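In what follows, a structure is listed as structure tokens, so that the remarks can point back to it.
Per-chain residue numbering starts at 1, and chain names A, B, C and D are given in the order in which the chains are listed.
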Amino acid sequence: MAEVEIGIGKTARRAFRLDDLAIVPSRRTRDPEDVDISCNIDAYRFEVPVLGAPSDSVTSPATAIELGRLGAAGVLHLEGLWTRYEFPEKMFEEIAELPAAKATRRLQEIYAEPVKPELIGTRIAQIKEAGVTTAVAVTPHRTLELADHVLRAEPDLLVVQAAIVSAEHVARTVEPLNLKEFIRHYELPVLVGGCTSYQAALHLMRTGAAGVLVGAGTGAAAMTREVLGLGVPLATALADARAARMRHLDETGVYCHVIADGGVTTGGDIALAVACGADAVMIGTPLAAAREAPGRGWHWNMPAVHASLPRGERVRVEPQGTLEQILHGPAHDAQGTVNLTGALRRSMALCGFETLKDLQKAELVTVGDR
Amino acid sequence: MAEVEIGIGKTARRAFRLDDLAIVPSRRTRDPEDVDISCNIDAYRFEVPVLGAPSDSVTSPATAIELGRLGAAGVLHLEGLWTRYEFPEKMFEEIAELPAAKATRRLQEIYAEPVKPELIGTRIAQIKEAGVTTAVAVTPHRTLELADHVLRAEPDLLVVQAAIVSAEHVARTVEPLNLKEFIRHYELPVLVGGCTSYQAALHLMRTGAAGVLVGAGTGAAAMTREVLGLGVPLATALADARAARMRHLDETGVYCHVIADGGVTTGGDIALAVACGADAVMIGTPLAAAREAPGRGWHWNMPAVHASLPRGERVRVEPQGTLEQILHGPAHDAQGTVNLTGALRRSMALCGFETLKDLQKAELVTVGDR
Amino acid sequence: MAEVEIGIGKTARRAFRLDDLAIVPSRRTRDPEDVDISCNIDAYRFEVPVLGAPSDSVTSPATAIELGRLGAAGVLHLEGLWTRYEFPEKMFEEIAELPAAKATRRLQEIYAEPVKPELIGTRIAQIKEAGVTTAVAVTPHRTLELADHVLRAEPDLLVVQAAIVSAEHVARTVEPLNLKEFIRHYELPVLVGGCTSYQAALHLMRTGAAGVLVGAGTGAAAMTREVLGLGVPLATALADARAARMRHLDETGVYCHVIADGGVTTGGDIALAVACGADAVMIGTPLAAAREAPGRGWHWNMPAVHASLPRGERVRVEPQGTLEQILHGPAHDAQGTVNLTGALRRSMALCGFETLKDLQKAELVTVGDR
Amino acid sequence: MAEVEIGIGKTARRAFRLDDLAIVPSRRTRDPEDVDISCNIDAYRFEVPVLGAPSDSVTSPATAIELGRLGAAGVLHLEGLWTRYEFPEKMFEEIAELPAAKATRRLQEIYAEPVKPELIGTRIAQIKEAGVTTAVAVTPHRTLELADHVLRAEPDLLVVQAAIVSAEHVARTVEPLNLKEFIRHYELPVLVGGCTSYQAALHLMRTGAAGVLVGAGTGAAAMTREVLGLGVPLATALADARAARMRHLDETGVYCHVIADGGVTTGGDIALAVACGADAVMIGTPLAAAREAPGRGWHWNMPAVHASLPRGERVRVEPQGTLEQILHGPAHDAQGTVNLTGALRRSMALCGFETLKDLQKAELVTVGDR
């Protein structure tokens, strides 16, 4: 490992962000049309290896349906506005109008409204009716409490998500979630994370999860590193999770999916995340920029609404087009945030890769001077 | 050691700042409520491992009392406005009103007023009366001159502080302070610093100091590096001091505390400082942002008022809430400068550490490309 | 190779940009007048080792002629406005007037107009008549389609250019261009690229190309790295291509020219590109700043007009003087973008090099901290 | 040497700037009053190890005298305004009034006026009369032409300066300056440079020069790196020159002085330059900020006035006080550009060094992440 001594007897490991890297084109090229960007998670096939983040500004029942229709999937957070309010539209309207200085405080109040378990079924049913893959998210510390409501509604995929989730949560006062038992007990495929290290990823894989989310809140609206001082830059976290996936596969014969979560905003980022080891990506900011996005030009994550320690902000996102355009183009500027699949295809084509598994074997360089 | 050749036959050691690093979450997580962030220095227990800097803009008798009440401690500088003026309030008012261009020059004049030894007892008594741990600071070159006045007033902790303090001050014209004799002679526990290297820290520890301050004036209001070209980035200085602490403990059986001093502004910074080796932190800027702070929206350190070579400036700090809020929350934004203990607890919880001693064993990564 | 581990079992190679580097002066100096900056590509001699990029904002028939007269050459793109429109001047006028927000979209429309094969001959003839070296460009996927029209017009040099061109293009639906056969079949010397790695460069050299373009769209108007996540910083790509050139020379006895393409904007950049291994450079932005430049103060590359995934933008370039001044001076500011040959000569003179081949042996340092 | 591979078979050496580094305080401290910052060059003693740069905006006969009085020395350029014009004041006035867009062009015109050899004696006499060490500069390519005029006037020190000066200038058309013969022939001590490598410095030392200037035009007003792509960052260039000085001393018994030239602006920079190996520094920008400075709030170097390839600009410098204040204080802000000797003394005192030779042995760290 690339350890560097930071002081006498104390080392740190060198870690890399996606934007520290670039993919080296191989000596072949291809036609973008011949490239296959699909991936399978458990029984579900995604034509587009993209999950919409469980942020209220990104995934509503409506955008979950549209994302499904477009070959991806949106993950609805079951502790967000759609389960706290029967008619959340007003809240979205108000949030969009909040002046910057009061935004976080008012978000804290709006999210102080309790989750209504009975709305869980309603929201899941809405998505299921449309016939798309239905994915929903809960936080680990409320998973047991909400599990029955969730499972009764029979979503296709359950995401258990927080900035950091471990397979061994220690708690003195409350019985903690035992992920292994939980996953074994129910039939539902579970994606779990974030996690940022080989050991943490490996132990999450051993719980029987269908996939692990890798990252620790590093998107545009997240400030985990700044506020908490923790986290591993995404490229390194993905490469480590890829190593854990190989060991887990060797030990169990089971291929556990690695999903990059945090800071992926362009098709180039998706390609880089895959080249580092990801099977798919979870994205927020680019989808919050859709015309249909519930955030109405704003994006915020769940940690931004924490009652006493917000670790993120409501951030402005410039509308870029419809969800379809953002995923499939055409783009009319060169920011790379529209036509994500077109960019992923072209990146793979120019580099000579046919499938995402091929792209995972790409050579990388550091960019700039590193 | 991580030496790099900068030219033929000349090397430099690679050094790291706190913000070059992040903590790697372990494979466990905890509940924030189960985390213990207390520390003991000599006979004194601090529920919060935070010392308020001996800057007039941070610690007055009143804020020292409030910090004590909140589980921390404020260090009153005995060569500041509170001992130069019987009624310093006017000076604080004037300083807050100074136009930028004239601020340093007028600060130099205001601090040209001599220290009144008789006010030393008065100020210490004020804090002691409140029943909180009473900590005061002097500079090394005035320690002998002011010692009797200080000791007579019986503070709990004495801080001997300058940008760089050594155990071997050489002077031709004046008898220099012999720290070892001084500390042995009096019973008072002494914290001394700044220092920035293994050798310097080790020799300060050998004077019998209860703790050493590590850093060399690197906070927001300090410009030691720019003006003097010296200093070691904090993460490396802390890791080296930790190594000196281990050797000193091995040689003497005495655990000498390492206190990070300079540039710590968020709960994440506190967590990182501890992960690098600190037992506690001394902070200025975040506390200068308290509603009660004597600086009234401004922060300056003692080197900023030097008569001929100021190494710092009066800087603006946006008020963030009460001292209680800054230490214990709740926060209503994601800057990380409010709810420092909440952030420290959550950082430790997400990373799986129960005590500050556990956190000192955390793995670290460089962030970005390093 | 300078590999760095980015995660367990995953490495990246450290790569360098031109501006990460500086040339180390040798222990000799020379007079700038004694320096020879000419280069030969195939049968053609260039007094100035500069090709004008095949961008409509840079090379028109008129500027190709002027560049030839000045000792360089302009490469006219045969899929640009000059072959799509019989009278393209109106289009240039309109493009120069477009508001920023609509520029890309309108460029996409303007370039949706089909190429008129019959205009190819007209444009080539215009340049040939002036008696200068006539160089034209096509993209690889239209090379076969346009080849007859091009060859009939008998240009001196053909450039087959895209962001990434490989010697082994794989396509399921269309018969791909076989560069080796194509080059063998016709007598025309061909320059081909971009490419960014040793293997890719070597295989392009083996097609019989007279030269390879090294780079992957990294100029001011290009965003390949951002949008697609791929590419190798130029200094490293050039050094690798230089290694491929040496092997190819050893294997075949043929010296294949390496032409830096992307991000070269000053005489210092040209010197650095040569010091890294280039024989010549292709430049866009600096020539788009000429008073005669067809872009009228704007610069855009072909990828910026792609119908569904633009990877570049129309960017503003401040007019700097005539083409003659830009190449040969005098300069009246210190930006380094005027008097490119004067700067190249002086750089070589101060460093003690007499020819470009000497300069290729220069020692380099990283600049700043790297 | 710290070589890094930039591509297959091509390396670059890692080089460092002064601001990549900081001095590590030793385990001793001292009183600033006990620190000795003097240095001797040939027979001349400088209480302050500072030479005023041979820029018209810095050194006039009057400021040369004042710098001498203050313990330093100013170097008057004999190809500047004072020898081109009998009454240059008007020119200075005009230059100070020039609008930015026309500054370089008009400077080129003003400096097109020929040097009047007869003014050389007048200017030197003016300085000599004041009884201070008289130092003057010429460029290498006019040294032979102007030598007799210069030597007849008997200055104390001659500086032969250009961006890069070598001991082996090759020229086809003109007889080049043979420095070795020149220096041997005359008795005058000569300082020569810039140079940036071990070999170049060593060969300049072997010419018999009393000192070499190390650097290649890296100050605030210089753009050598940007325009020409050449140069070695100062810390590395100084460390290499220090190694050359050691070898030269071993071979000849002669100690050749190393003078840092370029980018030194604060007392901290001076301390760092010495710690890297310098015996003294040549500075421009900080002295151009003096109330007495001839530049009247502007600073420019000789390369900025080059007729066809300016490599620098007229830059604004905010007036900071008298020359005496800039060198000896007091300072009334914390920028570090006033009270240079106070900062140098304090830096040495806090780090425990008594003389500049001691400071040359200081330990260094990289700052930030390097």
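One rule holds for everything that comes next: a residue touches a chain if its C-beta (ideal position, glycine included) is under 8 Å from a C-beta of that chain, and two chains touch if they have at least 3 such contacts.
All values derive from a computational prediction rather than experimental measurement.
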Starting at chain B, figure out the least number of steps needed to reach chain D through touching chains. 1
Using only Cα atoms to place each chain's centre, name the chain farthest from chain A. D
Same or different, please, for the chain A to chain B contact, judged on whether over half of the interface numbers appear on both copies. different
Angular offset of chain C relative to chain D [C-alpha, multiple of 5 degrees]: 90
Mind checking the centre-to-centre distance between chain A and chain B? Centres are C-alpha means, answer in whole Å. 40
Where the centres are mean C-alpha positions, what is the separation of chain A from chain D, in Å? 56
Each of the following residues of chain B touches two or more other chains, namely 14-16, 236, 366, 368, 370
Category of the chain touch graph - line, ring, star, complete, other: ring
Can you name every pair of chains that touch? A-B, A-C, B-D, C-D
With touch defined as at the start, can you tell me which chain C residues reach chain D in the complex? 1-2, 14-16, 18, 21-31, 33-34, 198, 235-240, 242-243, 246, 266-272, 275-277, 329-336, 339, 342-343, 346-347, 350-352, 363-370
With touch defined as at the start, can you tell me which chain C residues reach chain A in the complex? 4-17, 20, 104-105, 108, 163-174, 195-197, 199-200, 202-203, 216, 223, 225-233, 236, 304, 307-313, 366, 368, 370
